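What follows is a set of structures for review.
Shared between the two complexes below is subunit A, which has subunit B as its partner in the first and subunit C in the second.
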Partner chain A sequence: MEQLIAALGQIDYIFLIAVALRAATPIVFAALGGIFSERSGIVNIALEGMMLTSAYVSFRIAVAAGSPWIGLLGGIVAAMLVAALHAVVSIRYRTNQVVSGTVINIFAAGITGYLYRAFPTTESADYLPAVSIAGLKDLPLVGPILFDQGFLTYVMVLAVFVTWLVIFKTKWGLRTRAVGELPRAADTAGINVNRMRFYNVLISGALAGLGGAFFTLQTVSSFTPNMTSGQGFIGLAAMIFANWNPISALFASLLFTIPQALAGQFQLYNVPLPYQLLSTLPYVLTIVTLAGFMRRSTPPAAEGIPYPEDART
Partner chain B sequence: MNKRLSAMLGLAIGASLLLSACGAATPTAVPPKPTEAPKPTAVPATAVPPTAAPKPTDVPKPTAVPATAVPPTAAPKKLKVGLVTDVGSLDDKSFNASAWAGVQRAMKDFGIEAKAIESKQPTDYQKNIGQFVNEKYDLIITVGFLMGDDTAKAAGQYPDQKMAIVDVGYYDDKAPKNGMGLNFAEDQSGLLAGTLAGLMTKSNVLGGVYGLAIPPVCKFRKGYEAGIKSVNANAKVFGVYQGPSDGTPFQNPAWGAARAKDQIQQKADVIFSAGGNTGNGGLEEIAKATGVLGIGVDQDQFLTLSDNVKKILLTSAMKRVDQATYLAVKDVVDGKFKGGNVVFDIKNDGIGLAPYHDLDSKVSADIKTKVDAAIKGLKDGTLKTGVDPAADPCK
Partner chain C sequence: MKRFSIASIWGSAWAPIGSVALALVIAGIMMAITNSNPLDAYRALFEGAFTRPGTDTRPTAFFETLVSATPFLVLALGISLSFAAGLFNIGAEGQLYMGALASTMAGFMLKGLPPIIHLPLALFAGALAGALWGGIAGWLKATRGAPEVVTTIMLNYISYSVVNYMVNGPLRGTGSAPRTPDIEASAILPALLAPPERLHWGIAIAIACAIGYWVLMKKTPLGLQIRLVGANREAARYSGINVNRTYFLAMAISGGLCGLAGAIEVLALYKFLPTEFTTGYGFDSIAVALLGGGNPIGIGLAAILFGALVNGATYMQFSAGVSNYIISVLQAFIIVFVAAPGIVRDLFGWIRLRRKPAETVEAAGAKG
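Let's turn to the complex of A and B:
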């Protein structure tokens, strides 16, 4: 107990939150991607595979082109292509969306793992610039958290607010939610349901592409197999926990990464708490939320159901 | 309700994917069963001169894989050695590659015949072992913890078939006499890394980013920390294990990077990264900082990691799987093969530090002398790591 209190006094909490925000970057991108896709009615568990694809492609292109910016672009395009595949299979061919997503994840892990081995390299990609805003980063409290981060972390925070605006304040968002809740009504009102869904899945791919580039263009300068390490799935858990709301998703993601960062700090200071359990806390919370114990989570009503419902193709 | 179920299903599938992914390729994740610790007394191969050590550059090119044999028509019956990989392949830059490199060296030195089979999936293990048994191979080497059960089964089924397995220590005195478990004194390797780190530090703060807390990893850490204390009693030492839910075990470089950043912020200026790709993420983070050095693990990682990491990689704490397979073959050649656990340590070149490479000029002659003294101390037994081979090192 004394050790715990001593450690709690030693921890630099500002630094801890800064590290947690950095770690949350790919999780939030995945959650936002999930929000666009699922708000329109398409379950997207392929985000993990899209991120992994982007991590690989953005690394390769960044090295080949000598520019992380071109790499970033390449990663986004690659993830959008994977998203297009998921969209076509789910919308045009009406496949079970969970199955399609699972297959894509396995395929992405296989193909990137194969390419990694087939074309070995020790080259490092150049990083996207870290943005450390002189003056502001020395502000007390928020300075190191908000103004001394990598490029994609800023993009992530911006994307949270843009997603919120798009989903809740624009015609596009209204239509997206309409096709995800009551597609038949939306159809009657003249909205092309499947086209809306297709574009929203593409947007989710672009966001997953940004999340994937975080691994190779901001965190480490090289690709290793399976390096996304399940962050796409954690993003989906955060999305559910946040009730498909982008701003809540940011905080839900931090709820996942802060205990992880704290577990790391506890180990540094030899706090006799089981660090293994601390990192599982967010998952327990997610299950509790999913099961509806804390508050109801209400997914889009038409999620996972192809449109039109009774089509026989 | 349906929606919620499908969301749960999605997450469950995700989780199972994660689990299956971590089963596949975890370089350091190969624990000998802690309860059945290796018997150090069984070392049969101390006689090999240190000069037999291969250059780290001996790692085979992927193209060299199907090397079936040396000349096909030698008159006396040639010894045949078969190697079965786990689901990792021969060019995995890790265990399998290293194990095969040792067999290839034995092929050259002893004129034996050797063949490798890559397992595509765990269900192939038995089939691949069986193939070598049917073709009457003299020694079958299996690589890694994942193959432990199938190897034990085959060893029991064919009591005349000589078998050896890398990184598994389940053969005790009662086990069939045809099975050999090749284990490593990771703690000695860690001790040498710690000795170097303790002498190199300027801030007097040292760090460690580790994979899962399983015996080989814990032994690396304990040895490292003992090494630091042996030369620098006042140093502050940090260390963090990856938790089982901190992403995929041994494959989460972003987690490793974040933990290295924690320690750099605490002024650590030499950090030991021992945790597969998780640890490699730590090394990448070190490369972003200035004035911080990293130490790799298992193999000479200078040869495989990215150019950024090469600039800060002081050395690697190696466990020489190639040396273990080489000596296992040599035992068969010399007619000295016997079952039981074997520990590869400093005495038979089973462990050691990799060259300093680009940072050679940064390591003073004085420090090099002291590291050499530690090597000598381990060899003649005057220096101990304090790790009891019979106890669970993770406690």
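Let's turn to the complex of A and C:
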């Protein structure tokens, strides 16, 4: 107990939150991807596989091209291709979307692991540049948190606001929500439901691609099999906890990463606290939210239900 | 008159076999593209899975395949049971973890019991823990409408942390590695053959589970209720079935089987609980369940296939130099063809389109 209090006094909270924000980067990208896909009515548990694919491809292309920017682009395209696969399988072939997502996750883990072994490399990719904004980064409190981060972390914060704008303030967003809530009505109003869903799943792929590149172009500069280690699923949890709202998703993701960062600090100061149990807190909270014990979470009404192409006849 | 076509075959029981064959071909092409010889790889895979004889220190390949097939069978039965009720239990991994934890605790904390009591008790503890873990998701689905897909994923993460905490904390043994003390000899699930063979009584329990699954689903009122709820929830409700109770029971039994799989793994093979004792059995078993098509014999064959893949992959990697990750690629292709038969129809329809335009109308007609 004394150790805990002593540690709580010593912890650099600014640093803690800066670390948590960085760690939240792929989680938020996954959550935003989930929001586009699920708002349009397609369950997307394949985000994990899309991120892993992007982590691998962006690394390989960054090394081959000698540029992390081209690598990033490659990762995004690769994740969008995987997303297109998910979209085709769940829209065109009306396969259960959870099955499709599961298949994609297994496939992505297999193919990236296989290629990693088939073509071993000792090279490492160049990092995307860190962006510390001179002047602003020395601001008290917010400086180190907001103005001294890796490139993708800035993109992530930007993406949160852009997603919010697109979903709630544009015609595209309105149509996306319409096909996710009442596809029949949207169809009657002249919206091509399945095309709308297809494009939104592609967008979710692009976002997952950004999240995947975080692992190899901002964190460790090389690829290891299964390196995304469930972050895509955690992104989904954050999305649900945030009630499919992009801005809440940012805070929900921090809810997942702050206990991690805190646990790291506790270990550093030898606080005998069961940090493993601390880290279960966000998952418990997600379940509690889903069960509506705190506030009800309401998924898009038509989520997971395929829309037949000839439904209007 | 309907002519013989690949499209019509795909609707029948041949679909799983065709899927496996097609997946082998595609993975083979991938190996060829990446400068590996697929024929060498498959020969090594087959040898490592079935025909490689044992030595004084190395177990017989086929028996090892059965050792790997055991958890696949029990887990896939559990997952299939949730499918039958129209639920999607992707928490098998977590239920397996909790089962393994509970069995280990019962296995080393209780001392001085005769094996006839201790072993069943330890197995039961595992099944109960799994049932509880699955039951939480079932109960939340039934009473609060919480989607089981997400709650089971969350419960997976919670179970990893709980096991990690218990093994590093309260249950940690005295050794230098973080693991629990050894399970008492009276709770060990015995081997069927002398070492180095590892084949154990778990396979008998797994087969008993498969028979029990068939009896439950086909011969009991609960099985009928589960199938009715899975087929049409609203119709089941109108016919007086308590849908919520069925949801809860289906998830609890499903979780119980997954917990039992974890119990068998620790009581027969590990004999203690390490921090990370299994990787991916729970997720691969979703594929086994899909391939098995909901009947115990199909699930049994699918479990042997997956056991063979996992077991043969090690030798394939060693002997043919092909990474064992190709197995995941194979598995993914197998399920995608099983789960989305339309893809295969279109694939063959497309090939036909290029050859004989007249026949494609039929292939298209058989779709959907």
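Just so it is clear, the second predicted complex is superposed on the first by the 308 of 313 C-alpha atoms of A that agree within 3 Å, B and C clash if a C-alpha of one lies under 4 Å from a C-alpha of the other, contacts with A are read in each partner's own complex, and residues count from 1 in each chain.
Here is the rule we go by: a residue touches a chain if its C-beta (ideal position, glycine included) is under 8 Å from a C-beta of that chain, and two chains touch if they have at least 3 such contacts.
Quantities reported herein were computed from a predicted structural model and do not represent experimental measurements.
Bringing the complexes onto one copy of subunit A puts subunit B in a clash with subunit C.
Which of subunit B and subunit C touches more residues of subunit A: that partner is B. In the superposition on chain A, A:45 makes contact with both subunit B and subunit C.
In the superposition on chain A, no contact is made by A:132 with either subunit B or subunit C.
Applying the stated contact rule after C-alpha superposition, one finds that A:122 touches subunit B and leaves subunit C untouched. After overlaying the two complexes on the shared chain, residue contacts for A:3 are found with neither subunit B nor subunit C.
Look at A:110: by the touch rule set out above, it reaches subunit C but stays clear of subunit B.
By the document's definition of touching, of the two partners only subunit B reaches A:12; subunit C does not. Of the two partner chains placed around the shared chain by superposition, subunit B and subunit C are both touched by A:236. In the superposed model, A:26 lies in contact with subunit B only, and not with subunit C. Looking at the shared chain after the overlay, A:225 reaches both subunit B and subunit C. With the complexes overlaid on chain A C-alpha atoms, the stretch of subunit B that clashes with subunit C is 148-156, out of 148-156, 166-174 or 364-372. In the superposition on chain A, the residues of subunit A contacting both subunit B and subunit C are 43, 45, 98, 102, 105-106, 109, 117, 225, 230, 233, 236-237, 240, 276, 279-280, 283, 286, 290-292, 299.
On subunit A, the positions that touch subunit B within their shared complex are 12, 15, 19, 22-23, 26, 43, 45, 48, 98, 101-102, 105-106, 109, 117, 120, 122-124, 127, 214-215, 219-222, 224-227, 229-233, 236-237, 240, 260-261, 263-265, 267-268, 275-276, 278-280, 283, 286, 290-292, 297, 299-301, 303-304. Listing the residues of subunit B that touch subunit A in their complex gives 3-4, 6-11, 13-15, 17-18, 21, 24-25, 62, 89, 91-93, 238-241, 243-248, 251-255, 257-259, 261-263, 265-266, 277, 280-281, 284-285, 287-288, 304-310. Contact residues of subunit C toward subunit A in the complex are 30, 34-36, 88, 90, 140, 144-147, 149-151, 153-155, 157-158, 161-162, 164-165, 168-169, 283-284, 286-287, 290, 323, 325-333, 335-336, 339-340, 342-343.
Listed in rising order, the residues of subunit A touching subunit C in the complex are 43, 45, 89, 92-96, 98-100, 102-107, 109-119, 225, 230, 233-234, 236-237, 240, 274, 276-277, 279-280, 283-284, 286-287, 290-293, 299.
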